[in-house]
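Presented sequentially are two complexes of chain A, the first with chain B as partner and the second with chain C.
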Partner chain A sequence: MTGGFPQHAAGHVPVLRLGDVLLVTLQGDLHDSAAEQLQQDIGEAIAAHRSRGVVIDVSGVEIVDSFLGRVLAEIAAKAELLAAQTVVAGMRPAVAITMVELGLTLPGLRTALTAEEAVRGFGGTDPVLRTARTRLGSP
Partner chain B sequence: MPEQEAAEQHGVPEREIGDFLHRRREQIAQRWADETFFRSVFTVSREEAVDAGRTLVDALAQVAASGRVTDPEAAGFSQVREQLVRMCAARSRAGLTPSEVSRDVAALRPPVVDLLVAELRDAPEQRLRERSNLLTVLMGTLRVVVMEAALSENQALIDRQRMQLMEMATPVIKLWDGIVAVPLIGTLDSARSQVVMETLLESVVEQQAHFAILDITGVPTVDSLVAQHLMKTVAAARLMGAECVVSGIRPAIAQTIVHLGLDLGSVVTRASLADALAYALRKLGADIVPPSSHGAGER
Partner chain C sequence: MDTAAGVEACLPITSDMDLVWVRQHVRQAAAQLGFGLVDQTKLVTAASELARNTLVHGGGGRIEVTALTDGPVPGLRLTFRDEGPGIADLDRALTDGYTSGDGLGMGLGGARRLVHEFAIDSAPGAGTTVTVTSWVARPPRPRGEA
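Presenting the complex of A and B:
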């Protein structure tokens, strides 16, 4: 009956394709099943579209636990194996502090201020360099 | 028979002390007005000091009458507590330590005891000893009350100053588009570094800053705790997508860090704030060139 539209449980996280970058927006709680589904979706999407990067927008996440930290690290490791770079974007200060207090500094994971910047970063060499050049017209 | 009679005559010793204080109120207040504790606070007029003395005698008489001579929380003391706090504040403003204030209060005892001894000159020795002991206990309790007042005054002062320190601890400065800096001054404890971390990260979001510079020129010493706080701030900023630069590490501090065996390997460090700013600007794609190569006509 469903054909190309698989039925998803509540809390499902969609994976959007923007050119050769995948955009994932996390919001609120991420349950175990949803997290597992998300990892699988991302893996399949990278393989199907030969994406160069995965941008995970966490600006909607207000509460963090060690589980989310582990999920992010696992997604990054999986994407790495499929030759895609993962960027975590838009982390809130409170979330960042909690992550550090939990000892989850996510070494090796790239970060960006906003999702926009992270996506733009894949168009050129380095996200910081590109945005800066466009900005520095006036001091 | 004479013993029983004596017991009746004495009544309750505490009440007797209360009566004594009440009766001799004026004399005691006059004598106290000449003691340092009162004289140094009420410098304007002697009458004022005598007045304060009367209030204190009344309070003591009430405490004695209620029979709670050893209890600093007795109802009588609550009336004079405010006055005592004021007097203690005046004394500590004059630079006296709480123990010196305590000595001043202790000096209030002899005049009262002298009066009591004079009054009970003809009474049996046991009765005299009992009464003067009781009076001494009462004055000791007064001393405790005064000490409490002095300490609470000091505590209030410390709390006020701690608040002030917190307020001026963390100005976040925008140095350039996308570059913010925090000049840290003074000793960092965990409460302060928490505030620093929070305000810095907030401003990273607010200013959309790619670089955050932590300048520790004003931090006198760096120990493992401070270094740990710095590392935490750096890690948190990185998670948000900003890069943290630590600047202003003086040679002596660098030496200490090496001696402590702290690993700041993952942190970008620069000698001065200027160097850190130059580093951030270069990373942002801007270059600083001397005016000569810029063309003299432009300036």
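Presenting the complex of A and C:
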């Protein structure tokens, strides 16, 4: 089920393949270098597996600063050019509140409440995908 | 000024690995002082932005973490110091969207919105010091409790 990528140093984030969707689970503190490696891995995995979607599970992420926000936005933009859609799933409420105050609303980035919902969204016509603007704009 | 044990620290900021330590230490200190989850998240995010500025724009430096008290209210002060090139135009550096690097330009202005008090001291060639302070918001005491 894994993409068969070589093992990297500690902090490396694996890209898992679930049918035609890629699942990436971010946990705790992401090093800057691991974040940059991840962008490259996702791009390669989309091309190799002809994936239609990328689900990034951020339920284990304690903060999203402007660096990580930029990484998420860039992953989505690159995936879009490779004909795949990115969904950020499971953001903690405290993280969402902080991102809006920081000024990081990431318009255009799709979100889902859970990774499961996000993956299911690629399977059928279930309208679970919403844009970040809609979600973050509501109280 | 009173201080709380285990909170005071001076940590180096010289690599992206140090940013991880800074975030972890600020999180721990804020939790220990009684900050709520949202306020902890805001402080750690602000610390992450400012520490990255110290690293990327200041060429590295350090953070000093200080516990404060204002009467019964605990607070946390974070001071980021570097001996880098300094900032010539502070107003512009604080403007959202302005960046001299490759970031989103949210670092300084965004960090300022995440804390209660924000001060910056910088001049070309003289390095930069950013000091931020937040105070624990106490929820109102429930009725019936002394």
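Just so we're on the same page, the second predicted complex is superposed on the first by the 120 of 139 C-alpha atoms of A that agree within 3 Å, B and C clash if a C-alpha of one lies under 4 Å from a C-alpha of the other, contacts with A are read in each partner's own complex, and residues count from 1 in each chain.
Everything that follows uses one rule, which is that a contact is a pair of C-beta atoms (placed from the backbone, for glycine too) under 8 Å apart; a residue touches a chain by one contact, two chains touch by 3 or more.
This is a predicted model, so every value here is computed, not measured.
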(message) Quick one: is A:89 in contact with chain B, with chain C, with both, or with neither? Answer first, second, both or neither.
(response) first
(request) Answer with first, second, both or neither: which of chain B and chain C does A:64 touch in the superposed model? (result) second
(request) Could you look at A:97 and tell me whether it touches chain B, chain C, both or neither (first, second, both, neither)? (result) both
(message) For the overlaid complexes, name the partner, chain B or chain C, with more touching residues on chain A.
(response) B
(request) Quick one: classify A:27 as touching chain B (first), chain C (second), both or neither. (result) neither
(request) Share the list of chain A residues that count as touching for chain B in one structure and for chain C in the other. (result) 92-93, 95, 97, 99, 101
(request) Show which residues of chain C lie in contact with chain A when the two form their complex. (result) 16-17, 19-20, 23-24, 27, 37-38, 40-42, 44-45, 48-49, 52, 96, 103-104, 106-107, 109-111, 113-114
(request) Could you please specify the touching residues of chain B with respect to chain A in the complex? (result) 176-178, 197-198, 201-202, 204-205, 208-210, 232, 235-243, 266, 283-286
(message) Considering only the defined contacts, which chain A positions touch chain B in the complex?
(response) 88-93, 95-97, 99-101, 105-107, 111-114, 117-118, 128-129, 131-133, 135-136, 139
(message) Please output the residues of chain A touching chain C within their complex, sorted ascending.
(response) 29, 31-33, 62-67, 69-70, 92-95, 97-99, 101-104
